[in-house]
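The structure appears right after this line, and notes come after that.
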Amino acid sequence: MEEQTFITRLDDRLDTAAYADVDASMNGLQVGTTNGHINTVAVAVDAAMATIDIAIERDVDLLLTHHGLSWGGIDRVTGREYAQIESLMSADIDLYVSHLPLDGHCQLGNAAGLADYIDLNPDSRTAFGELGSVTIGCRGYLDDSVATETIQSRLETLHTDDQSVQVLPFGPDSIESIAIVTGSGADWLDEAAATDVDAFITGEGKQKIYHEARELGVTVFLAGHYATETFGVRHVAEIIESWGVETTFINHPTGL
Amino acid sequence: MEEQTFITRLDDRLDTAAYADVDASMNGLQVGTTNGHINTVAVAVDAAMATIDIAIERDVDLLLTHHGLSWGGIDRVTGREYAQIESLMSADIDLYVSHLPLDGHCQLGNAAGLADYIDLNPDSRTAFGELGSVTIGCRGYLDDSVATETIQSRLETLHTDDQSVQVLPFGPDSIESIAIVTGSGADWLDEAAATDVDAFITGEGKQKIYHEARELGVTVFLAGHYATETFGVRHVAEIIESWGVETTFINHPTGL
Amino acid sequence: MEEQTFITRLDDRLDTAAYADVDASMNGLQVGTTNGHINTVAVAVDAAMATIDIAIERDVDLLLTHHGLSWGGIDRVTGREYAQIESLMSADIDLYVSHLPLDGHCQLGNAAGLADYIDLNPDSRTAFGELGSVTIGCRGYLDDSVATETIQSRLETLHTDDQSVQVLPFGPDSIESIAIVTGSGADWLDEAAATDVDAFITGEGKQKIYHEARELGVTVFLAGHYATETFGVRHVAEIIESWGVETTFINHPTGL
Amino acid sequence: MEEQTFITRLDDRLDTAAYADVDASMNGLQVGTTNGHINTVAVAVDAAMATIDIAIERDVDLLLTHHGLSWGGIDRVTGREYAQIESLMSADIDLYVSHLPLDGHCQLGNAAGLADYIDLNPDSRTAFGELGSVTIGCRGYLDDSVATETIQSRLETLHTDDQSVQVLPFGPDSIESIAIVTGSGADWLDEAAATDVDAFITGEGKQKIYHEARELGVTVFLAGHYATETFGVRHVAEIIESWGVETTFINHPTGL
Amino acid sequence: MEEQTFITRLDDRLDTAAYADVDASMNGLQVGTTNGHINTVAVAVDAAMATIDIAIERDVDLLLTHHGLSWGGIDRVTGREYAQIESLMSADIDLYVSHLPLDGHCQLGNAAGLADYIDLNPDSRTAFGELGSVTIGCRGYLDDSVATETIQSRLETLHTDDQSVQVLPFGPDSIESIAIVTGSGADWLDEAAATDVDAFITGEGKQKIYHEARELGVTVFLAGHYATETFGVRHVAEIIESWGVETTFINHPTGL
Amino acid sequence: MEEQTFITRLDDRLDTAAYADVDASMNGLQVGTTNGHINTVAVAVDAAMATIDIAIERDVDLLLTHHGLSWGGIDRVTGREYAQIESLMSADIDLYVSHLPLDGHCQLGNAAGLADYIDLNPDSRTAFGELGSVTIGCRGYLDDSVATETIQSRLETLHTDDQSVQVLPFGPDSIESIAIVTGSGADWLDEAAATDVDAFITGEGKQKIYHEARELGVTVFLAGHYATETFGVRHVAEIIESWGVETTFINHPTGL
């Protein structure tokens, strides 16, 4: 596929323009030219030397990640930025980034993927996690209420290593309604409590979330920033495959 | 001691005014009147229902915490804020808060306390962790270089529960120079690498710190936000004791 | 009535959300919980010790005021704020505030009430007093033009004490069209002149309004900040009464 | 005197540059050229048609006022601004403005003049009324404490008409220490209370000052915006006289 | 024609209000009263002593210019501003300004006029030159492609003096598609390249436009700021003539 | 020389840190690593493909320019930025940038160089051209006054092509005092007039400078943005030579 076509299609499919004002990430093509061809694509959570090195080994044309290199602009192309960009350029690999568009998208996004993973009833889901004019999470109901430990066990299967899922068990013993913001979502616990959910799932915590959860009476699962954010890029890989482009998922957990 | 005298002394001793422009926390007296007497003081890391309830049980006159209730103003006294303030008022307990002044203080602060705990040579220490016009951490050398595991084990003794200290072991095997920002210090890893330390200790991580540490070649210890921030308030308790006021430390780990 | 129901109804009735971006006042519930019952409500212009003390004497469940305690956040709960909040809490009285929504509302607001009081023809009224996306006053015509002294005398009946209404008599002797912004409305005299009214009524002046009125040729009545702002809360009291909740008006003129 | 010399001397004497960052008023020459001669100067509180017309009658070369025409820039020279500027130009009268420099100056300023008027002991005075990096008022002690009514009567002699001085008598009956911010100084009542004065004198009030004064236990005198702000320009007139330039004071009370 | 009618008609015709938020120029009446009559109008590119002096010679009632005197407010009426405003006032000439409304207007604007001048096919034109919510240029096709020199020669006929048109000939030899932003339009070269035009015409350059044009492969014509901006005011003159008001064009090239 | 040493020395010599807050340009190393050796350096006015290509031909280790690639951050490494950075990286050439530090430096800067070129008396020079806390030009006197044409002729020798120097001859015929801001300095004409110079030299104009110069009575020379800004980098080349590093000047005039 021609690269310009590929990029335009992705921008459209992910509604990239709608997130431009609220996202510090420069979504879309971050490093590259638009005049080549895209035959193979690697997807990964993070753009970093670890994933770039694997992309080079796998000899792809483009790397698509959730976390990119430009957050409001690259001040200087030195140090880590030099090494990353130099590696991409010398291997002729372009970098396409989709941050908030891949969090909030109601079918493709990370929260949607995690909702599928824990069997939130699709018909019960609503947008959740307000950030300016967009939403970056989702909220819904299980078909039947389950014990806290059941959710915890399910979330622990996201991890291939021995990393545990941390639980702040301050909500009801039995959980039916759940709100999700993947990654670093602690700031949305208030919104979760205001919508009366039993539990809130996010990736990584902050110190303050402990007492908030305790006083709001909501159970919080900290399931891992990385672990909760592989869904989006893998969903996109499926779409890209359907366009006749070969894809590969680069898995590089951070333990965070 | 008269409360007004107590507060003025604390403000002076902690150099509270110097942090006013860079700290979202309203440091100093956050809840209370200044016309009572202070005979007993409880110190704690967090101002929250859990610690307020214990302060009430222990029948103190004032609670002094590192994390307070007002971060740039309390919009509404409803929900959690209502419960916290109402509990303080009905028990006639005042709340005094010292956030950044208790991070950066070179003898009393959290970073200084953690530096003592891991035996950073006092003469080798310099201010570290720039935030506007102040610093909030410290940096120094061990008398002898030690293995990564030695630091890890030492940090794990901060925890009374089974919480482990997470290590990103991307620096040299043997560690001699260390930078510290307690609590949530991931944003200062760049500064740590620029000063060529072997390792960086902070409380809680963020997803991005994994690849930064890996590419900068610095070992990172995530020792717990709560666990790294009990030093400051305990130091202050010693000072207050020396003024003839009875003190008590309320320990309420969050596991974060 | 359940408190949550009461608050939701009021927020809807006063269109509270529409004023959130332009009003420094945190409108809606400012102090309180939402899980009690509301049987008796006191309304007053100001939330202050004077009115809180009377609300306590009258043993109400909630105090509703035009001017509240939180203007962009309460930095510290000390001094006056401590005393006010402590009094409300110990008497278990909640505080609901409606500032700009009660100025601009075209039936319930202060300007509408004052327009009724001086017999502005209801059919002739239009919104007046632009503040960002909302309006906070009204404008209209008397059925017949009257002398300046007639308006002045009518406005002086707003006062129970000997406070006089100040007149800057720079417009035509005979007045037919009038614009109103209650409280502190001097900044809208320009808009009034641009719409060619004979007179402008507001509560309190500022030095500059004298020469502006003189040069624009508009008569200005300074009828008292307090005196022009009792209409809104009394209108709301009527609505609350209609819901089956007992109400009482706390009158505490300031002479300003 | 050459106009350029006159202006440079005034700018220096009043320390005009020191107030540039905190004052919305464009202090210094606001309307005029700098190549004429200054033989006669009129001083007045307000630059307005009323005072400009009298300046024209008195055939002066320059009008010096406390309140000018440009507050952060004149958007359009139309309406009132057209008339004022056209009148100045056609009469060849320049306009020099000194706003905050004439409030805060410790000998020449309005607050200093009012302090003299009520016999605050000169040796007891300190700067008061913080506004960014400058102060705009003063604070001091009477030689002997006096009754509230004594101060009130003294302040009423500022008025040539029947305007009364409003008193909010919430402080001690007998007054010894007083803080002053002339004009519109209600926002500094908190600072006055924090310095434990018995009374605060300002020009015009705002609704909120009533309850603040009541709860802070400070007596407030509202002595008139105009009436409290004639001292500064009259002091400057004396200085200008001493340079050999004829001066005249244009008195035009606003009743506000 | 009554002046108020004249101004209201112009404001409507030029859609002045739509540009208020993005234009530093205070468009509409900048200097004047609205109560006279308008019988003769001079139009010019710049409001300056040179054009004001000619307007006075030609004894007009109003001067209409593209560049006015108030860009975000006139801080002081001194120096050049004093002379300009004094000249206007003493000759009783008002000043009406239309900046961005006269750049972007699709029939009346400068870009539209220049597009006519070089024979861009009217049906092929689209809005170009985004500035916030408005556009300030246009873009279109010639009926047949022509040589670079042909465009250059045509643009040089804009100049009556010996000023040459500067060409950065980095696009194709033969030009068919052209984007235009008159005046100082260098910042829109990127947008021009993104729409794949062969050439970009603007008035004056900036150093950076040389390398941008070279690397983007777009030919740039710098045809003169003044020379490209006489179209708008001359178009407006035609409209004003049609209202029965006499008009005159003041031509005062700047060579820039 | 080791690259880290080279960069630290340059940063010190040019006082790079002093300009960090006022300069949009990210001065210092913009593209590169700091672990190589610097044996040969090319200096040029602009970082662009044209100069990068020549730097590659000349096989240098580092390119030092006045205008760099990062103005407040590089949003995306695509298009022109991709080509420029890719060329630098594949040829292993680093990019060091010095913008305002090379304008304002009183010996090394562009204005100082131009002052030398036109024989401004060194002892008569003072800093000129305020930009926040720094100055970016200089001001001084010729030993003898000369005719306008003499200065013009001297400035035209800056150009190797047929580009002429534009003169706005509105000052005195005979010129003795001159202010200089190289590049795009039109905004400092007011400051020049306020210091009473006969003439102002800058690189490129803006439309408004014509009438400003005319009304202020100052002669303006527009000597070319490029032509006035080669002095600084050539001065730095001399310093670098003195460190034992080979240098070469890449001359690529833009005609602007």
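Which chain is which? They are A, B, C, D, E and F, in the order written, and residues in each are numbered from 1.
Methods note: contacts are C-beta pairs under 8 Å (C-beta built on N, C-alpha and C of every residue); 3 or more make two chains touch, one makes a residue touch a chain.
In this text, all values refer to a predicted model and were calculated from it rather than measured experimentally.
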item: Any chain in contact with chain B as well as chain E; value: none
item: Shared chain contacts [chain D and chain E, defined touch]; value: none
item: Path length in the contact graph (chain A to chain E, fewest steps); value: 2
item: Counterpart interface for D-E, drawn from C-D, A-F or A-B and sharing over half of its contact pairs; value: A-F
item: Approximate Å spacing (C-alpha centroids) for the pair chain E, chain F; value: 31
item: CA centroid of chain B to CA centroid of chain C, Å; value: 46
item: Chain C, residues touching no fewer than two other chains; value: 79, 83
item: Arrangement of touching chains [line / ring / star / complete / other]; value: ring
item: Order of the ring members, counted from chain E so that chain F is second; value: E, F, A, B, C, D
item: Complex contact set, residues of chain A against chain B; value: 46, 48-50, 67, 80, 83-84, 166, 168, 183-184, 203-212, 214-216, 225-226, 254-256
item: Chain F residues within the chain A interface of the complex; value: 26, 28-34, 69-70, 72-79, 82-83, 85-86, 89-90
